[in-house]
Structure formats: structure tokens, C-alpha cells
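For clarity, chains are labelled A, B, C and D in written order, and residue numbers in each chain start from 1.
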Amino acid sequence: MKKKVRVFINDNKYFIKFIYALIVLNVLTLILESYKELNDNYGLFFYSFEIFSVAIFTIEYLLRIWVSDKTKEDKKERLNFAFSTLGIIDLIAIIPFYLPFIFPFDLRIVRILRLFRLLRIFKLSRYSKSLKTIQYIFRETKAELSITVFVTFVLMILSSTLMYYIEHDAQPEKFASIGDAVWWAVATLTTVGYGDVYPVTALGKILSGIIALIGIGFVALPTGIISSAFIEKIQAEKKSKKGKKVKNKECCPTCGKNL
Amino acid sequence: MKKKVRVFINDNKYFIKFIYALIVLNVLTLILESYKELNDNYGLFFYSFEIFSVAIFTIEYLLRIWVSDKTKEDKKERLNFAFSTLGIIDLIAIIPFYLPFIFPFDLRIVRILRLFRLLRIFKLSRYSKSLKTIQYIFRETKAELSITVFVTFVLMILSSTLMYYIEHDAQPEKFASIGDAVWWAVATLTTVGYGDVYPVTALGKILSGIIALIGIGFVALPTGIISSAFIEKIQAEKKSKKGKKVKNKECCPTCGKNL
Amino acid sequence: MKKKVRVFINDNKYFIKFIYALIVLNVLTLILESYKELNDNYGLFFYSFEIFSVAIFTIEYLLRIWVSDKTKEDKKERLNFAFSTLGIIDLIAIIPFYLPFIFPFDLRIVRILRLFRLLRIFKLSRYSKSLKTIQYIFRETKAELSITVFVTFVLMILSSTLMYYIEHDAQPEKFASIGDAVWWAVATLTTVGYGDVYPVTALGKILSGIIALIGIGFVALPTGIISSAFIEKIQAEKKSKKGKKVKNKECCPTCGKNL
Amino acid sequence: MKKKVRVFINDNKYFIKFIYALIVLNVLTLILESYKELNDNYGLFFYSFEIFSVAIFTIEYLLRIWVSDKTKEDKKERLNFAFSTLGIIDLIAIIPFYLPFIFPFDLRIVRILRLFRLLRIFKLSRYSKSLKTIQYIFRETKAELSITVFVTFVLMILSSTLMYYIEHDAQPEKFASIGDAVWWAVATLTTVGYGDVYPVTALGKILSGIIALIGIGFVALPTGIISSAFIEKIQAEKKSKKGKKVKNKECCPTCGKNL
């Protein structure tokens, strides 16, 4: 029977689609709840749906733990699942609902716990290759990323401190501290440019212009590296698919190379 | 005679250029009409031109249907054309003009129907390779796009919800709901940064900075993939042109490689 | 003697540097003149420098025409130079100074003529490979650019018209016409986002978000194509330099390939 | 004994980590000091930490000079170190602290000298490959960068001057001089778009749109070149690591190519 359950929760198309839909509906509910008029009118419905979702997710979690021992009643394999990324995500998806019943939290913490429902979105990762691809890319580009992140960090500190010293007297409120100047640096070097903070002195504008022209390229490096690693990985997968078909088709009799 | 008409509407240089110019003028008229002073003074002229255009496009459409049967009076081929992308575009370009005469719509709907004239711009697609290239690229990069669009979607939901919880108390009007926070996330992660919504709390700024630095790279991935697919396709076309000339020119007798 | 002059104005290091400096100083003067206080105090100096520059450039232009016939007193070669890009640039650099003396222009036109001094910056192109590279790149990528520019154009018209119809009622002043909506589209799709125009209605924000996420990639295509063409050209030049050194070093005796 | 010291300051893991931490803490202190309330309360602590840091850095600097002669008491090698990039950085990190004791500066200059503490961040470069990589990249792409920087410069001057002439009458304060227009050009062409300066006239908007669509691509070229050089360098390093393993493994007896 355990085997049947295992197959059901792992491979049954309808069950997978049901969980998938439930996750998406949970995220949708979280968004809709944030609209005051909707929450006032449908608050009870939202709460009922929350209880229903948690019930389903709890049963799913318990079943997954129960069937995680493939050989026999083996506690080790069950612990392995419980402490795997997917197991922890499944737990985090339900535990914040139960905590306030166990510990008498004040309202502030309950509200933050409600935010944890958002993490249910990561339950989608079981059915998606995306997260694995991203994990792989971060592992592959670790060395490059650390260099460029370091340079970005130094650039931000340097330009923030300089701009703070230049603009502080002219705009004591907007450049109140180097922390505020870092906010300016982020907005500028990512080219978002909200327009809430910008230099007003001549020197500040000149320096800001030079920093923008030089810095944007460096700050774009980490994202550029991730992007190119992503594209490369995808192309490599494509080739390997094509490669299997092409292999051993034509081949130089002397050197064995494909023609 | 039908053959003559077919050749005329498909291959006659002057007719093609005339339709081309008529489409461009239609789009231009649509833009000019939106200027109140122009519409007040030249409204009659714009309406006359509209009638003239619809007349031409209607005749063109009827002729295209008439000549679409290449073998003989065959209804099947005519239906094929009528339900092809180009046929539907041709129909949509004229039908909104006739609808108000048939059904007594109220003014609101008539106004929306007028907007459909904009779709006449797609009639240009008959003479352009652009749309085919774009279609091809979307088909080719479907797998990659779906992964990155999914990641972008998750990133947007996550950062919007977080920012809503952080900023809602400080800016209850600008971050009134998660929907408003999504608007912030779009403006930030695409680096447009209008400056109508931005975090004001310290925690909001720190999180927003981290989200911006990380998120922009991911959100740029789909556009990056489309771009690189576009460039690759163009280069492949170039090579295939050159390749035809080079092929079978010189070849190593041992390994068969081109020299 | 003509040969001496030709060598002098084309190859003399000090003369080239002098002209180079004069051009840069001219551009600098143009910028400094725009500061009211500087123009009030040093107006006479700026005018004297202008007369001096025009005198030098005029002499240079006349000499270049005089020495442009390499074989003998040949009017054809002189006309060739006069109508070459460089010749026309040299003429445009000086002619606006003389025109007001010949024709009694009103002040408005004189002011516009003064702006033509800016074009002297293109005299630098004689000594720079940049413009040639750019010309080459535009010629190479003409086909790709025309497709993407067409798509960009259609995208801008479509999104502008849609946004005009959606936002006109809510913001009759900012979206007064489709022309104003185009200004919004440019600011959004280039991700500049000044923040002077942005949608305020819910529908407008949703559509604007979708347009931004999709459109930015397409609008970035022409610039992406120019960039990649530029980088490719530079790398090709590097390889051809290295290639010359490597060539004929080691070579497979059978197929003649470099090892 | 000198040898022991040399090994200690160059290779001792704990000493390196200590200096590393001290530099990071120095930068952190600099940032925290800028918060008025923190500086009022912990000013004495910050000053004590500054004295402690300078003491350590001074001892480190003197030791480095002392042990910089590897052969014997050789003044030449010591001078070599003192005038090397790392030596100068080490000196700049401490000298601004001592200067006010030697020369009676006024407060303004003392404040600027305090800013020099920021340069201590470059002491990290001893332990980081980042700066070397960046130096290498700038040397490699010098030719390409100079072309694109020149084009960017010309583009900025041209668009600034044009916008100044167009917008000056409509916005005499925001486009007070070409210098102000350059600030607009930087904000637009880097796509930062703070929103403090933007064209308001119809002609200004049209021109600004065209400049934005064309210019952004060119201004992104230098950053694009640096980015691609960076990525190429990293990939080359990866290949050379793999290459060492692969080398001389298998080789076609006819053409000598690796299989």
C-alpha cells in the first residue's frame, strides 16, 4: 500500500496538477488578501481556504515522510528527506500556521508568520527544473561572481562615501549619512534612477556623471555573467541532444573526427 | 482574368507600394486624430480618408478571397485563406468600420472599435519578413523562455509581497496592496524607475537595493535570450549564404575537412 | 612646393596636433559661451578666438583644395575633394561664419548658424578611425537593423496608441495626444524613465508593465546588434594581426591546416 | 629574524585575516561615523579605533619596508617597494593621519584628509586578484575603449549642445548652460533618468527620443566591451586549466590535431 501512495504523490498527474493549482491559488489569495476591501468582505473565505490548504499540505507532508523510506521502515531515510531542501520547504509551508496555537505570540509576530506562506511558492520547485538550473549556474560561476561582486561592493562604497562628502552640505537631509548615499549609488549604478535622490552641486554632478559612465558597466558584470552562463548552459543542453543523433554518422578514417 | 488580378495584387510593385503607403497613412491619421485641435479642424477630412481606406481595403480583401482558389472555384481554399493569419488580419482591418451600421452600439464600444484600426499596421506583415523571424525565434526559445519567465514571475511575486509588508505602514497609499507593490517591482526590475513609487523606510531601501542588484539580472534574462536568439538567427542566415559559395571548394583527401 | 604643402598638412605631426587642439578648443569655447556670466565677461575674447579659428580653418580648407590634385592642375580631382565627406565637413565648419556677411539674415537664423560651429567636431574624423568603423558597421548590419528598427517602430506605435486610449481620460494633460504617449513609450522602452509621464489607472499600469517586460528586449535589439557587430569587428582585426604572425608556422603535411 | 617577519606578514593566515578584518572595520567605521547620532555617542570610540588602526598600519608599513630587501641591506629594493603601487597605497592609508600634526591645516583640509581613509580599501588589493584582472582587461581593450569613449564623448557633446539650444528658452534654469545639458545627456544616455531634467518642448522631446534610441547603444559600448573582455578572460582561464589536463592525450597521427 505504501508503494501505491508513493507512486500516487510522486507520479499521479492529477495529484501533481492539484497541488500545483493549490500553490498558485495560495499565492493568489495572499495577493488578494492585501486589498483591504477584498479582505473585509471575503476574509472568512480566505481563512477557510487557508485552513483547507494547510490541511492538504500537512497530509501531503506526512505522507511524503511516511513513504520516504524506500527499502523498509528506516528512520535514516526519513530524516534524510526531512532535512533535504524539499523537505524543509514542505515543512516551512505549513509550520507557521501551527506555531501560534502552540506558543502565545503577540500579533506582530503572527503577522510576520503569515508572510511565511509566501514560501509555499518554492514548493513549485519540486516540479520545476528552473531552481536546479539556477543552483548549477551559481555553483559554476562562483569564482567569477565573487570577483565582480567584490569590485561592485568597493565601487559602491567609494562612490557613496565621495558623494556623501560632496553633497552632504548642500542636501543635509537626502545625503544625511553614507547609508543614504549608498541608496543613491544603488539607484544610479543599476540605472533604476527613481529620482528621489540625486546630486545638485556642480562637483556632485560631474563626479556622479563619471561614476555612472564607468560604474554601470562594472555593476552589470555579475548579472552579465549569470546571463551568459544561463544561455551557455541552455545551448550546451541543446547541442548534447543534437549530438546524440549526429554521433557516429560520418567519421574520418584516419583521425576518427566527425566530418 | 482571375490570374491577372492575382498577379496584380500579389506582385505589382506599384499596387504593393500603394497599399503600403495607405497603411502608413492610416496609422499616421490615427495619431494625428488624437490631437484635439487637428481633429476639430480636419475631422471631416480624416473621416473621408477613413471611408476611402476602408473602401480600398474592402475591395482588396474581397479580391484576395476571390483569387485565393488557385485550382478552380474551390470553397475550401477560400476558407483556408479567410482563416489564415493574414486573412484574419485583413478582415479585422475593415470589419470594425461596418459593425456600428449593423448593430446599434453605444458610443463607448464604437470608440473601442475605432482603436481596432490600429491593427491595420499588421497588414504590413504580408510584405515583411520581421514577423516570421519573430515567430521562429519564439518557437525556438520556448523552453528557455518558459524557465526564465517562471523565475521572473516568482521573483516579482516574492519581492512585491516583501516590499508590501515592509512599506505598507509607512506609505499606506503608495503600497496600498500587493498589486501596487508589483507596479513598484516592474518599474525597479526593468530599471525604468519612474520615481512615482519607491521605498522610504531603511529596511525597505536595503531590501530594495539587494532585490535590484540581484533581480535585474534575472528579469533581463528573457530579453537577453530573445536578443541572442535573434542575433544567432541572423548570423546563421549570413553563414548559409556564404557557405553555399565556399562548399565543396577544397577538401583534405585524408580527413575530408574543408581547408 | 605644392608637394611640400601637401605633406605638411597631411603628415606634419605638429600641424595635425595644432588643428586637433584648435577643434577641441572650439568645442570648449562653444560650451563655455553658453554660461551667461562667462559670455558677458569674455565675449570679446570668444569672438576673437572664433575669427582666429575661422581664419585658420579657411586657410586649411583652401590649401587642401589647392593640393588635392595629385597628378597636375586637374579640376576633376579638386571637385572630388570638395564633394567628398571630409571636404563638405571642412566647408560646413567655416561657411556659417561668412553667410551673414553675404546675406542680411535676421538674428534667429544667425543664432542657428552659430550652432553649425558644433559640426567642426567632425573635422576630427580625418584623424580618427572611429567614424570609418561606425560607417562599416552600419553597412554590415543594415539588413538586421532595418528589421529590428521596424519592429521597434511598430511596438512603439502600438503601445503608445493603447496607452493613449487607456490613460487619456485619467490624465488628459499628460496623455493629451498619441504624440505625448510616444514620449512615454520612448522613456519606458529605453528604460530611461524620467518620471514625468507614467500611467495612473490600474489597466494602464498592468498594460504598461507587460509592455515594459516584453518591449524593452525588442527595443534593445538594434543597440544589441550594433554592439555585437562592433565587438566582432574589433576581434576580427585582432585575429588578423595575430594570424599574420602565426601563419605558416606549423602545418599538417596532408591537409595543410595549422596545428 | 627578518626572514621570519617577512614570512609572517606575507604568508601567516591569521595576520592576513587580521589586516583584512581591520580594513573592513575601518571602512565600516567610516560609514557609521557619517550617522550624526552614532558619531555624537561613539565619537571617542571611533577616534580610539582610528588611532589603533593607524598604529597597526604604520607598524605593518614599516615592517614591509624593512623586509622588502630580499638579498641584503639594499636601499634600491626598499625604494622599489616604497614607490610600487602597493607601497604607495600603504603610505596613503596612514599619512593623512599624521599630516595635521606636522602642518597646521585649517579644518576644511583636515576633513578632506579624513576622506583619504577611504583609500585603505585598496589595501585589500594585496590579497585580491580582482584589481589585477581589471588592470589586465583595461590594457587589453585599450584600443577599443579609446574609440568608443571618443564616440561617446562626441555624442554627448553633440546632443547636449543641441538640447541646450532647443530647451534653453523654455527652461532657462534647468538648461542654463551646455554644462547642465551634459548632465541631462549623462542621465539619459546611461538610462538612469533621475527625472530632475527632461525636455518639455515638442522639438526637444522628439530629438531627445531619437538621441535616446540611438545614443544608448553607443554609450553602452565601452561597458559592453569591458564586460565581454572580462567574461572572455575568465573563460580563457577555465580552458587553460582544463587544457593542461587534456594536452598530449590523444593526437591524430596524420594531422596532429587533438582528438
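Definition applied: contacts are C-beta pairs under 8 Å (C-beta built on N, C-alpha and C of every residue); 3 or more make two chains touch, one makes a residue touch a chain.
Since this is a predicted model, take the numbers as computed values, not measurements.
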| item | value |
| --- | --- |
| Degree value of the rotation bringing chain A onto chain B, based on Cα positions, nearest 5 | 90 |
| Interface numbering overlap (same over half, different under half) for chain B and chain C | different |
| Where chain A and chain D are represented by their mean Cα positions, the distance between them in whole Å | 30 |
| Residue numbers of chain D (touch at least two other chains) | 179, 187, 191-195, 224, 252, 254-255, 257 |
| Of chain A, residues touching chain B in the complex | 27, 30-31, 34-36, 111-112, 115, 118, 121, 124, 128-130, 133-134, 152, 179, 182-183, 186-187, 190-196, 219, 222-224, 226-227, 230-231, 234, 250, 252, 254-255, 257, 259 |
| Residues of chain C touching chain B in the complex | 143-144, 147-148, 150-151, 154, 157-158, 161-162, 164-165, 168, 176-179, 181, 187-188, 191-195, 198, 202, 205, 208-209, 212-213, 216-218, 220-221, 224-225, 228, 254-257 |
| For the chain A and chain C complex, residues of the former touching the latter | 191, 193-195 |
